[in-house]
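Would you mind keeping the following structure in view while I ask a few things?
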C-alpha cells in the first residue's frame, strides 16, 4: 500500500496528458485486428530470451529491447529490430510484452524518463510478465489507462525449461475484454493461460501459489526427514504420504529427498530447478502483500525466513527443494 | 527417548517370565491357522465400536473389553462375550486388537496390573491401532516379545465414517512375517493395509502424514485468505492452485474455505471431520518424536502451536480446517 | 527498497528546482539563530496535540495544521495561528515538526500537491516524528535536500502519557551538524533525545526496539503461562526471571500477568498502554525493512503474525501485553 | 505426562517396601542434625566435579560415585571415599547430591537395578541438581517418599565457571520444611538458593528461564542484525535498546554482536559460555513440558527449532549467542 500510495502521490505531480480518454475501446479494436504486426519485447534475460524466441517462431516479428545491449545481440543477428529504450519500443509497436526482474525495473521501464508511457500509442496493449507487487501492477495499470492504453499483469509459472518448451503457465489480470488479445500472444509461449480477474490478480495468484508451494516444500522436507529418523524408508514414506492426506505436489512430483524420484533437482544435487533466492524473492512479495492487506500468514512468514536464512548459508543458487539438505543433520560437523 | 528409557529402566525391575523363548515361530504358526477363532477387542469408543462390529460382520466372534462397562453393553446385547480386564481377554483369545486414546491408556492395557501381558499366551498376536508415541510402541513390543508373543502397531487414518464403512487405512509396523496374519483381520475394517517396516514405523507413518497434513492445511488456509484479500475469487484461486505446484490434499480434496467445495466440513460450519483437538494431539506426538530424534521441524512445530492456540480459543471441537476461520479477520470486532 | 526506488523513479520526472545548492550551511545558520520564531506543527492527533502544547509552553509560537480542521480548533481558540496546508506552513515557518500516522500521510504532507516542499524556504529544518519506513524517510530527505532544506527523522518512544508529561524519547536521524538545532525543539517535548546517525536511523532504532519488545513480551507471556501451568506462583516466577538471564523489560517493568505488578495494563484489564494494533503496525514496518534488507527475522516475523491474528480476534484495542490473555486456555470454551 | 504415567504404570508393578511411613519427619530430624557427616555425590562431570570440590572445601567429607571410574580418580587421589554404585552411596550416606546429564541417567541412578532407592535409608535427603523433565522429578520424588526419604529437585543456573567459583544459582523444589537442610549444602556451591515450591518447580523455573533466555537471545540477535543493516552502529543500537523497552539480559549483559561488549563469548569467537547443544536440550525439555501441559509456546517452539538447526549446521559447540553469526549473511557464499 505504502509503495502504491507513494507512487500515486508523486505521480500526481506529473504533467498530465489531458483527460483520460473514454473511447479507448475504439482504439483497442483497431489494434486487436493488427495480428502479426510487430510485438515489442522488453527484458531478454534467462526467461525473456526463450519467450521472445517462441513469439518469433509463431510468426510475430519482434522489436527487442534490454537494458544490457548484449542481451539484444543474439536477436539482432537473427535480423530482429532492436530499440534503444522502452519509449522507442512504444513508438514502434502497439503490443508490448515486458519480462523484468523486480518492482523498480518494472517502474523504470513503464514510467521512467524513457519509459513506455512516454510514447505509448492509444489503444496499445501492454502485458507485464514480471513477478512484482500486485500494488505496483495496479498503479502501472492506472498510469497506462491515463494514456488511453491497456495494461495487464501476466506473471508466469514454470522455469527456464518451460520457457524454452513454450509450456509456461500465465496467470493474467486485467480488463476481461482484453483477455483474448493477450491470450493470442501468450499462447505462443505457454500452454496454459488463465484469466484471474482485475489487474493485479495475476500477480496475486502467482504469489499465492508460490507461498503455498514454499510451505508444502519445507513441510515435505521436514516430514521426510523426521520419518527417516524414525526408521521409515524414504520411498515407502513418500508412497504412503502420496496416497494419504499429506499428499502435495512437493511430495508426489518434486520430492526433495535424494533417491525418491528421478528427474527432479533432488536427484541431481539440487542443481537446476527453481533457485532458493528466487523463492525467497517471491516470499518477500507475499509477505509485503500480506502485511499491506493485514492478512495473517504465520507459515508463509516462517517459510520466508527459512529461505532467507538458507540464502545466507550457501543455498542461494540451489533448487528450493534443498531445504531438505538444510534441515538435515550433517554428520561430520 | 526419555519415555522409552524410563519404561525400560523400570521394567527391568519387573519379575521376568524366564528367558525369552526362541521358538516363538512354532507357537505363532499354531495360532495363525486358527482363523475365525475369537478375537479380543479392547477399547470400544467412537472408533473401536464400529471397527469391532466390522470384525463381527466378517464372521469373527469377538471378546469385548472396555474400561467403561457401558461401552460393552451394546455388544453384550448382541451376544458377544465380554471380558473383565485386558488380562482376561488375553486368557481367552490369542489375537487381540486394541484401540485406545493415548500413551498412558496403552501402557495400562498392556503392562498394567491387569494388563494383557499378565496372561498373554505364547504366540499370541497383539495389534495396537491406537495413535501413540512410536517409542512406546517399541517398548510394548519388547515386553510382548519377552512373553513369547507378537506386537504390531497399526494406527489408522480415516475417521469415524471410514471406521463405519470399513475403509480405514492401516499403517502397520512389526515383524514382516506376521504381516499377513495381521492383514487378515485388518482387512475386515479397512480398505488399505500398508506394511511400513519394523515396530513403531506404523506410528511414524501416521504421525508424519498428519504433521504434513496440518502444515498444508494451515498453509492452504492462509494462502486462500491472502488471495481473497488480494481480490481473487476463492473458487478460481483453488482451481489455479490445484493445477499448479501449490496443489495439495487440503486444497483439492478438503478445501477449508466455505463455498469452494461441497461435502467437506468447511461447507458445514466445520462440523464433523477431524477435530482440532485430535490434530493438536497428533502434532504433540510429532513434536515429541522430533525432539527425541533431534529432527528440526520448524513448520510442524508452528502448526502445533497454532492448533494449540485454537484449542484455547474455542475451536477445539471444530474440524481442523477451521483454521481458515481462525486466521480470518472478524468483521465485527 | 521497492518503495524508495519507486519514489525515486517517479520523482525523477518531477520538475526540478535547478541544481541542489551547495551552500545550504549558510542558509541554515541564519535559521538556527532564529530561536523562538514560529514553529510549524503538522499533525495534531493524540500524540501531536500534547506535543504541540508542550512547545507552546516552552515559549514557541506555533503554526498549526491538520487535515481535520477540528483538530486545529483547540489551538485556534488559544490564539494559535492555523495554516491551510503544509505548503502554507512552509511559507510561514522555517522550522516544522510533523507527527503523522503512516507512510502515505507523510508522503502527502511532504511531497503532495500542497506539501511542505512546494513552498519550503531554503535552510528550513523539517523534523518528522512519525513512525514510518526508514526508506521513505531517506527519500523525503533527498527531496528536501534538493530544495536546500534539511530533513530529520525523529520518531518517539512513549505513548500519550509521555507526550503530555513531556518525557518522550526521540530517536533522531539526519545530518549531525543539525542535531543541536533539532534538539532545542525536541527537548521541549521529551526528556531523552538521542542522535542515531544519518537520516533513517531514527526510524531504524525505533523499529528495532519495538520488534525486540514485541518478541520479549510474547516470550514473557508464554513463559509465565507455562510456568504457572507447571505449578509456579506467578509472582515468584517473575522474581526468579528478573534476577536471572531471562530478565527483560517485559518481565521486570511491564509484566503481562495480572496480579504480578501494579500500575501496568495487565493490572487494569489491559486497558491503556500501547495498543496491539499499533504494535502490529510497527512490526509491519520492521517486516518490510527486514524484507528489503534481506535480514532474517524469524522471531520478529512470528511476533508480527501473532499480533496480526490478535487484531483479528478482538485484541486490537487492548494493550499489547494482552498476548498473555490470548495464549491462555480459556476455561469456559 | 506420558512419561510420568508410564513410569507410574510400570512402577506399580514393583515390589513395595511396605506402606509409606507417616513418621518420616522423625527420621528427617535425626539426619538434619548430622552436619558434616559424609555427603554422597553422584555425577562428577564438568559441573559435578567442581561442585563436589566446593563441598569438600566447606568441610564436608564426600562419598563419590560416577558411571565412569576415571571421573572418580581425582577424588580418590585426594583421599575421598569412592562408592561402587548409587545403591552403595545410599548405604553410606544419608544426604546425597546428584548431577546427571539427562532424564534416563537420573532414572537409572534413582530407580535402576543398583539405584539409590535400592538402599536408601529412611529420612535421607536426596537432592537432584540435574536439569530434567519436571514430571520425572515428581515421579522420582514419589518413589523416594515411598522409601521414607525426601527428594528435592535443585537444578542450577550458571555454567562451569560459576560452578568453580561457587556462585551457582539453585532453584529448589520440594517439601518446604526440608529447604533449610538442602540450603545448608547448596550454599557451599552457590551464592543464590531460591525456594520455588513443591517438587518439580525447581525444574520448571529453570526451564522457564532458559526458554525466555533463548527467545530474547535470538530476538536480540535478529534485532541487532536488522539495525546494523539499516545503518545503525551496533554499540549505539545496544545502548538505545538498553535504555528502552527492548532491554533484556541478552542485550545488556551478554550481547551477541562482536565488538559491543568485552568479556562475553561474542568477544571471543563464541567460545566458552553456554553451548548451543545445551540450550537445544533445555528447549527440548521446555517443549515437552509445554506439550504435556497443553501450553502454547509459539516463540519458545521456534527458538527450539532454530537452535536445533544450528546444531545441525556446525554451531553445536559454540555459545548460544552465536545465533547472531548464524543469522547473518555470509559475504563469501
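By written order: A, B, C and D. Residues from 1 in each chain.
Note that a residue touches a chain if its C-beta (ideal position, glycine included) is under 8 Å from a C-beta of that chain, and two chains touch if they have at least 3 such contacts.
Each chain and its UniProt protein: A, B, C, D = 3-hydroxyisobutyrate dehydrogenase.
Remember, predicted model here, so these are calculated numbers, not experimental data.
**Q** Between C-D and A-C, which chain pair is linked by more C-beta pairs in contact?
**A** Between A-C and C-D, contacts are more numerous in C-D.
**Q** Determine, using the mean of C-alpha atoms as each chain's centre, which chain is farthest from chain B.
**A** Comparing chain centres, C lies farthest from chain B.
**Q** Express in whole angstrom the distance between the two chain centres, defined as the mean CA positions of chain C and chain D.
**A** Between these chains, centre-to-centre, one finds 43 Å.
**Q** Give, as an integer number of Å, the spacing between the C-alpha centres of chain C and chain A.
**A** The computed centroid separation for chain A versus chain C comes out at 36 Å.
**Q** For chain C, jot down the residues that touch at least 2 other chains.
**A** Correct list: 294-298, 302, 306, 309, 311-312, 327, 329.
**Q** For the complex, give me every residue of chain D touching chain B.
**A** 1-3, 5-7, 9-14, 102-104, 107-108, 111-113, 133, 136, 280, 284, 287-288, 291, 294-298, 301-302, 304-306, 308-309, 311-312
**Q** Which residues of chain C touch chain D in their complex?
**A** Per the touch definition, chain C meets chain D at residues 134, 157, 169, 171, 192, 194, 196-198, 200-201, 204-205, 207-213, 215-216, 218-220, 222-227, 229-233, 236-237, 240-241, 243-251, 253-254, 286, 289-290, 293-300, 302-303, 306, 327, 329.
**Q** Provide the residue numbers of chain B that touch chain C in the complex, in ascending order.
**A** My answer: residues 302, 309, 311-314, 316, 326-330, 333.
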